[in-house]
Structure formats: C-alpha cells, structure tokens
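Each of the next two complexes has chain A plus one other chain: chain B in the first, chain C in the second.
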Partner chain A sequence: MKGVFIPERDPRDAIRFVLRQAMEKGLLGGILGYRRNNSGLIYPYLFTSKEELSQLVPISPVISGYSMATLSSWITTNGYSGEKIAVLLKPCETRAVIELSKFDQVSLENLLLMTVECLGTYHVLDFIDMIEGGESPEESLLKSYYSREDDAFREACKICMYPKAPYSDLNLCFISLGGKGLVVETSSEKGYHLMEKLGFSVQELEDEALEVIDIRKERRKEFLEKSRQDLAGPEKINEFFQDCINCHNCMEVCPICFCEECFFDADRYEYVTRRFLNWSPKEGTFPLPEAKIQFHLGRALHMSTSCITCGLCQQACPKQIKLSEFFILLAEENQALFDYVPGRDPEEKPPIREFYEEELEEYTGGT
Partner chain B sequence: MRLVYVKAELEPEELERLRLCTACGECIVECPVFKATGNSKHLPVNKGRALRRIVERSQGIVSSLQGQVPLREYFMRSSVSKLYECTLCGACTEQCKFDVKPDDLWYQFRRIMYENGFIPEGMKVLITAFKEKGDPYGMGRKMRLYWAKRAKLIGKIPINRKAKTVYFVGCTTAFTRINRVSAVSMAQILNAVGEEWTLLGDEEVCCGAPWLMIGDVNSAKESAKRNVEAIERLGAERVVTTCPTCFKQLKVAYPKLLERELGFEVIHATQLISSYLMDGMLSLREGIREIVYHDPCELARQMGVIEEPRFILTKLGVLKELEKRGLETQCCGGGGFLRAINEEISVKVAQLRVNQALETGAGILATSCPSCKMNLSEGAKVLNTNIDVVDLVEVVARNIEV
Partner chain C sequence: MSDFEPVIIGFLCKWCASAAADLAGTSRLQYPANLRPIMVNCSGFIDTSYILRALLEGADGVLIGACHPGDCHYVDGNLKARRRIAIIKNSIKALSLEPERIRFEFISTSEGAKFARVVREFTEQIKALGPNPLKRNER
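So, the complex of A and B:
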C-alpha cells in the first residue's frame, strides 16, 4: 500500500491540515463535509474558503439524513466541470458514490473521494440525546474507535465489513494509530497526484488490518441467520412489515435509490373505494395501507444488488422496523449470486444494467 | 421537459435549519394530513427535501459551484401541490428534535413559490378576490358589520370610538355564518362586564395572516400598517381577538413586519375572560354537564395559551380531556388554506379529531378558534353525529350570571 504518514498530530487536525494545504495551493475548489453549529449539531456544508475549515467536522459521529453520496449526486448531475471538489465520506458513502456513478447520477470526474476510516456511527436520535446530556459525541466516538468498542453504534455498523473503502481516491486511516498521527493512503492516480503536488513524499507503507473484522464476520453470520428466520415465507414478510405506514422515508434517505421520481409516490396508488371492495372477496383480507409490501419489494428489486448496507433506512424508520435485516439479507444473497461487490470498482457494471444469455440457469431454465 | 430558473432566497439561519434535518422520521407520525391520507407526498420530510432541492440549486451548495441551475417545471408543480396540502399546524415542529422548525420553513417555501409564480389552481380565484376585496372570503369591507346588523346590535355596541380595549373581529368570525354567533357573544360579554371597548368597524382589514400563508409579504405589510394605524388612532391599550390566527398575526408577526414595537398589548379572548373571572368582574353558572376541549394549534402549540380556556371551562361544567392536547394537540384540518385546495382531505382530518372527541363521551366539543369550529362541525356532519361543536365564548355568553 502506498501512502503518506503524518506523525504525532491528532487525526482531525491532520485532516484539516492536508485540506488547508490543498486549498492554499489552489488544488481544491471546495470541500463537502460536515460543519458544526453553535449548539453542537452538525449539517452538511460546502467549504469554499480555508478560514472556515476550523468549523469542519472531519470525523463525523453520525450520517445525518441524506448521506454525502446523495449530495455528491446533487452537485455533479448537472455536468459540473470546474475545479475539483473533495468530499469527506464514510466508507459506505464512498461505495454509494461509486454505485451512483454507474447509474449516471454522479460524475466522478470532478470529485476527489476522501474516505475516513470508520468503525461505525451513532443513530441520529442517540446523537441528539448525547448532545442534550452534555456529552460530546465526537469524543466518545473516537474513544470507542481506539478501544474497538462498538456496542453503541447502529446495528448495520456493528456488522459492517468495510472499515475502509475498497475503492477511493484517498483513504484516511487513523484508528490503529490510537490518536497519534494519520496515514493518507493514496489508492488512486488522482489521490497520488494530489499528495505529490502538496509536497508529501508517497512511500510504501505496511498494510494493517483492523482486528474487528474477525469478530464482525461471526456477528454478521448470526445476524443473517436471524434475518433468514424472520423473513422465511410470505406470512413472515407480511408480519415483518405490518407496522409500516408507507411513509417512504426509507426511500428518501437511501443513497442508492436512483429513480428521480418514485412510481409508488404516483397518483396511480390513490385508488377509489370501489376497487378495494372489488378486491376484498378475492383476497379475503389484505393489509392496509395498500401496496406497502410491493413498495419494499419493488425498491429491493432496484437497489439490492447495489445496496451498500449502510442501514440509513432503519435509522429513518419512524416505526422502528428493522429494515436493515431485510435489505442486508437481500443484498448479501443477491450480490453473491452475481459475484458482485458494490463500490469495488467504478468500471464494473452493476448486475441490474447487464444481461447475459447464459446466466442464472437454475432460475431461467437456460432459455 | 420544460426547465425553469427559480430564484429562492432564505436567510442564512433558515438555510442552516433546513440542512439540520436528519430525516430521522420523528415528525412523520404526528402529521395530521398524513394520518388522514397515508400518502407520503404530504410528509414534512418530503416537503423539506423538495425545498432543499430548490434552495441548494438557487443559493446553496449546488449553485455555489455551478451558478443558477434550472429545475424541471413538473417538479415545481408537484411541489406546490403538496406544499399547500398542509395545515401549517406545527405538529412537525413540536416533534422535531433538531430544531428545524419546519412550519416556519413552509411559510418561506410558500413565499418562494409565490414569488416565482407557482400558485396552485385552487388558489388563483381566491387570490384575485382577496386582492380586490381585501379579505380571503371576497366579501368586502361593507360586510364587516353584517353580523352585528343581523343580531340587531347596531347602536348597542361602540364602533370606532376612543376606548381602552379594541375587539378585532377577524374575517372568519365576521363573514362565515357559523361563526357570527361568536362575535355576538364576545360583544355581549364585553358589554356585561362594562368594559370600555370598541370595534374598528369598516376600518378593520384582514389581519394579513392569509397573505403570509400565500407568501405575499408586501400585502401582509400593507394590512399590518392599516390595522395598526386604525388601532393606534383610537388610543387603545389592548386588542382582543377571538381568532387565534389574528392573535398570532397581531402579536408575533406585526412587530416583525413593521420592524417596531406596537403601542398596545394583544390578547386572546380566553385570556381576557379568565382575567375577568379572576378579578371577579364576571361570574358564570354551571350550565353544562360534560364538555371536551379541542386546543387550536395556533393558540395552544404556537402561542402557548393552554391553561386559560381550561380555567374557564372548569367554571362551566365538567371538563373532559382529549389524549392529544396542549402542545401536542392534533389539527382540525382547517388551517393553511387546505380547505380551499382540497376539501376532501380537510374533512378527513376533521373526522379523525371528531372521532377522538366522541370517544370521551362528552356531548359538547368546545374550541376557541372560528376555523376549528367550522371544520370540526363539517367533520361531525359527515360522521352523522349530534355532538355540538361550539366556540368557547358562546358557552360563556350563554352562562353569564347576572
């Protein structure tokens, strides 16, 4: 692995230092990251001057609402071709950006993906509780990173296998250093050139895997086993979604959901009373609100092969449905079917956009 | 695909609040319109996202990189329809843990839409009449005192005289048949107490709250100026209203619109009556058995007048409480021009609330807002029940002990 080692500094200061240097030398036109306000809450912000960087939160304790992947899509879909914009991302967000680029929703050309190493983030409601309790979520996050305790993180984070993104321009690693220094891994040409131009000498460094991976493998296995049981058969699925109120908030926050306008938001689903009455003798009973299972299945059909298992759907659910069980299980199985890893390589074609005559013979019968 | 350039401006503080939304979904469960329709386009999160798309392209993250970016016209039209299918009740604000204050942002969103010429079909006729006649009902100033004429009160009530207290009637109370009785009751109460009071008569114009709901800030300023001039000319010390919308507008919005302190105090009728009761200037007899009280959103949640109406009602009879009350009250469906845009949804929302009231078993449903009274009666009519929907001042006027 190639990279730059910045010793002794607090990783947050080191990240700000690199960014400030890049802005001073005119290598970056802006930085998309989180900014802290006076009451300690954070929100996404585009930093365009180096004076503002003191308010940047480089290692964010939450993924707040729309992930940075969605925002990266907003800033590049209109064919922006100006200066480079650095985006500070979590590994799952980086993978989402790569996936979106395959659906023409992000143009990677102008972006510099800086992935901050991550062992997990807090649920937004836990985050607000911590702030109200006078605790600093950022400090406690780093503390649990260094001691490898991930009990307080979101469920999806606890079984996440990607503390580092498989593809990124720069990987910012700091966890194994325990707060003393930062390793900037130059994983792509683009990242390499930036660090060179900044005057750092890129060296061959030793690759260190984080020890949490083995524990997480076990945990993930258990999790998937439980999900398989919870979702075995149509009755179980009906039961799983019985609390769903069709608010579509999971779709709103999903970084992968790539349709511009959702079919399930269309007026087509506003039926007249007569149609319900026509259905009821046929169906016996059917769950209301109508079309909620179809909504989740339809959404899964679109995005499960690209699902990066970030768990934002579960964070956004007002009825606390364990949506990550559903989507992580589907993602695991569908991606294994096509031997596809979302976010692995921007050149790889997503299964949903490609069709081969000889594939899935056990389902199609080879026709 | 037609594209439009939209000019949207928010204050930096408002933009920050908009961005603070984490889409955690806490606001979803209490939205009355979503409860009634189950359609996700009515959600606060959904509207917030639309607003953010527009603002980020006009003055935010996206525009600072690419300059003005056009939006699809279809997107704007669908946004404006869902934006007006909202009662501006503020339940989302009450639920929000991140201090986004969505209901305030919906006012700004409507302003942005109005300034860019996006007005829903159902509002166009209304706005034209509003501009011509000066009130959203299109009645005109000559009709302002019709309620008093009908009740044969002309001559018995002071109009446009110098007095300590001004009773600001408001359009909904003055112009809708179901609410005229509230104005008459209020006049009776003020007379019974021997208050030195007056009406503005045809000097009164719409308080301007509807203009803010539509997004026309200049017209709202115009209304504010005319009303404040009329009130200050009479040398009044306080203004009392029976309508929570007028109350909020006069008390909170006027100083902001006119950028100065007002020379008078603004209070709601329930506050005035409860102060009469406390001072012993008015006494009531226990005239009713069981009564259930519905908190109007603007009065309880937005202005914090919660205890006063309850104090009055306990003097009148046994007060039954709804589960959703006080700051957590549930909207009747009558706010934010929802009734003008989509009456069907509005009545559905009202039915939810009337059903809750029926569960308590009380025969009378009291409220202290003309708009709530109108909509809840409509809901009760559709449900075919005989629960009596009344304004609090009516019950008080009927039960004054002489």
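So, the complex of A and C:
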C-alpha cells in the first residue's frame, strides 16, 4: 500500500489541512462534504473557498438523507466542468459512485474520490436525539470507532464488510491510529498525483486490516439467516411490508436507483372496486393499487445486483420497515450468482450489462 | 385439485417462439389451452417486473420463449433476457417462493413440436404445483 503518513494531528484537522492546501494551490475547484450549522445539525455542502473549510465536518456521524453518491451524480451529469471537485465519502458511497459511473450517471473524470474510513454511522433520528440531549455525535462516533464499539450504529453498518473502499482515489485511514495522525492512502494514479503536487512524499506503508471484519462476517451470516426467515413465503412477505404507505422514499434516497422517472411511479395501477374488495382480506391492510411486493421486489430485481447495502432505504422509511433485511438478502444472493462485488473496480461491467452465449444453463428449460 | 386449470402467461418472441406457436397450430399439434400467449418484439424487452406482475395478478405460471443464443434478431436480446430470468428466479428462491413457476425456453421458428411439448410439460408441472399462492386476484 502506498500513501502519506501525517503524524500527531487529529485526523479531522489533518483532513482539513490537506484540503486547505489543495485549495490554496488551485488543485480543487470545490469540495463536496458535510457542514455543521449553528444548531449542530449536519448537512451536505459544496465548499468553494478555503475560508469555509473551518465549518467542514470531515468525519460525519450521519448520512443525512441523500447519499453523497447521488449528489456527485447531480453535479457531474453534464460532463466535464473544468473544475476538479473532491468528494468526501463513506466507503458505501464510494462504491455507489463507482456503480453509477458504470451506468453513465457520474463522470469520474471531474471527481476526486476521498473515502473516509468508516465503521458505521448513526441513524438520522438517533443523531437528532443526541444533539437534543446535548451530546456531540461527532465525538461519540470517534470514541466508538477507536474502541471498535458499533452497537449504536445503523443495522446495515453493523454488518458492513467495507470499512475501507475497495476502489477510491484516496483512502483516509485513521481508526487504527486512535486519533493520533492520518494515513492518506493513494489508491489511484489521480490520488497519487494530487498528493505529489501538494508536496507530500508518497511512501510504501504497512497495510493494516481492522479486526472488526471477522466479527462482522459472523454477524452478517446471522443477519442473512434472520432475513431469510422473516421473508419466508407469501404470508410473511405480506406481513413484512404491511406498514408500507407507498411513499417511495426508499427509492428516492437509494444511490443506485438513478432513473429519471421510476417504472413504479407511472400511473398504470387503476382497478375496479371489486379488486380492492378481493385484496383487502388477503393482505390484512388497506390494499394499495400497486401491490407492495410489486414495488419492493420489482425494484430489487432492477437494482439488487448493484446494491451496495448502505441501508439508506431503511433510514428513509417513515414506517421503520426493516428494508435492509430485504435488500441485503437479495443483493447477497444475486451478486453471488454473478460473482460480482459492486464498487470493486470501475472497469468491471455490472451483471445486467454483460452477457455470454454460454452461461446460466441451469436457468433455461424445465428447472 | 384435479379440476384446477392453471393460467399461464406466455411472453413469446415475435421472431421465434411466436412463430413456433403458429407452426404448432398449422401442424395440428395439440397443446393445452391454459397458455395465454403475448407476442413481444424481443425477449430482451421483457422486464422482470412484467413477470412479477403477471404472477401477482392472477397467473399461475409464466413462460418466456426466446431465440436460441446467437439467433436473436437484435443481436443479444435473448441473452439479456436470460440474465434477467436468472435474477428473478434467484430472488424468488431467496424469498422461499416458487421459481418453478417461471420457465425460460429457447424455441426457434422451426420448433413447433418443441413449443407444443414445452407447453404440455409446463402445464402439467404447474398443475402439480397447484394455484399460485402469490396471486392476489381471483378470476
């Protein structure tokens, strides 16, 4: 692993220091990251001057609403801007950016992906509770990172296997240093050149894996087992989605769902009264014209091969449906089918864009 | 259960399976009337949500007829279809539903006899499986 070691400093100061340098030298036109407002809430912001950087939250305790991947897509949809924009991302968001680039939704040319090492983030509601209770979510987050405690994080985070992104321009690692220093891993040519231009000397550094991975592997297995049981058969699936109000928030925040207009937003579900009378006893709740399973499973069939299991769908759900159980289960199964890991490599084609004459024989004919 | 007559939706490619159905007809080959054929321009046009919707809204089985690999009129629509079928079958299996209710077959224009055989086999198979528990409409 190649990188730059910035010793002694608090990792947050070190990240701000690197970014300030890059802005001073005119290497970056903007930085997409989180900013804290006066009431302590954190929201995404596009920083355009180095003076603003004091408000930057480099290690955000929360993904507030939309993922940074979605925002990256919005700011690069019209191609090359001439300005390089650095994006501070969580590993799941970086993987989503890579996936979006495969579907031509992000132009990687303009972006410098800076992935901040991550063991998880808080649920947005827990985050607000913490602020109201006078606790600093940022400090609590770092404390639990350093002690490897992830109980308070979102469910999807607790079983995440990617504290570090498999592909990124720069990986900002700090957890194993315990608050004293920052390692900027130059994982791509682009990242390497930026650090060189900033006057850092890139060296060969020792690679350290975080010890949480083994625990999480076990936990993930248990989680998938539970999901499989919770979703076994039509009755359980109906019960699982019983509370759904068809708000489509889960689709709206999903970093992978990039369609301008969703297939499931079209007005094609209009039925006569008799149909509703038929459905009501079957579903045990008000029957929505578009069956809930049609929307959720249908959406999963469209995006599960690229699902980066960030769990934002569950965070956005106003009814607290455990959507990550459903999506992580299907993502795991469908990605295993094609031996595919989303976000592993920008050159790799996603499964629904690649096909061969001789494959998948077991899905043809009477099986 | 013996008087159960399943509803089978067939998405048939215009260039192959649909023509094979015509050939089966003109050759006077018998096959069950449970199939409701829908001609599509290419099997690559069939979205997974169409199959899912058919199963939710009353079908007991879905048959997809596509050209043999290499024969697609639009180069690779049939191969795209196969990937999608693999994804839907795999997902349905993960949710403990029945992937056997979806059948994907390569049937060329000249294979009228194969078409009739496939429909016969599939109808028998669905009859043995019984009504689709997923469907929310009674006819």
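As a working rule, the second predicted complex is superposed on the first by the 342 of 367 C-alpha atoms of A that agree within 3 Å, B and C clash if a C-alpha of one lies under 4 Å from a C-alpha of the other, contacts with A are read in each partner's own complex, and residues count from 1 in each chain.
Simple rule for what comes next: a contact is a pair of C-beta atoms (placed from the backbone, for glycine too) under 8 Å apart; a residue touches a chain by one contact, two chains touch by 3 or more.
Small disclaimer: the values here were computed from a predicted structure and weren't measured.
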Chain B versus chain C as contact partner of A:N78, first or second or both or neither: first
Which superposed partner A:Q242 touches (first chain B, second chain C, both, neither): neither
Contacts of A:E252 with chain B and chain C, given as first, second, both or neither: first
First (chain B), second (chain C), both or neither touched by A:E358: second
Partner chain(s) touched by A:P234 [first = chain B, second = chain C, both, neither]: second
Partner chain(s) touched by A:E333 [first = chain B, second = chain C, both, neither]: second
Touching partner for A:L297 - first (chain B), second (chain C), both, neither: second
Touching partner for A:I128 - first (chain B), second (chain C), both, neither: first
Contacts of A:Q203 with chain B and chain C, given as first, second, both or neither: neither
Residues of chain A contacting chain B in one complex and chain C in the other: 264
Interface residues, chain B side, partner chain A - complex: 16, 19-26, 28-29, 34, 38-41, 43, 45-46, 49, 53, 56, 60-62, 64-66, 69, 97-99
Footprint of chain C on chain A - complex, ascending: 228, 231-234, 237, 263-264, 275, 278-279, 282-283, 287, 291, 293-294, 297-298, 300-302, 304-305, 329-330, 333-334, 337, 351-352, 355-360, 363-367
Complex contacts: residues of chain C adjacent to chain A: 47-49, 52-53, 56, 69-70, 76, 79-80, 82-91, 93-97, 100, 103-106, 118, 121-122, 125, 133-134, 136-138
Complex contacts: residues of chain A adjacent to chain B: 29-30, 32, 37, 39, 41, 43-46, 48, 62, 64-66, 71, 74-75, 78, 80, 82, 85, 124-125, 128, 245-249, 252-253, 264-265, 270, 289, 315-319
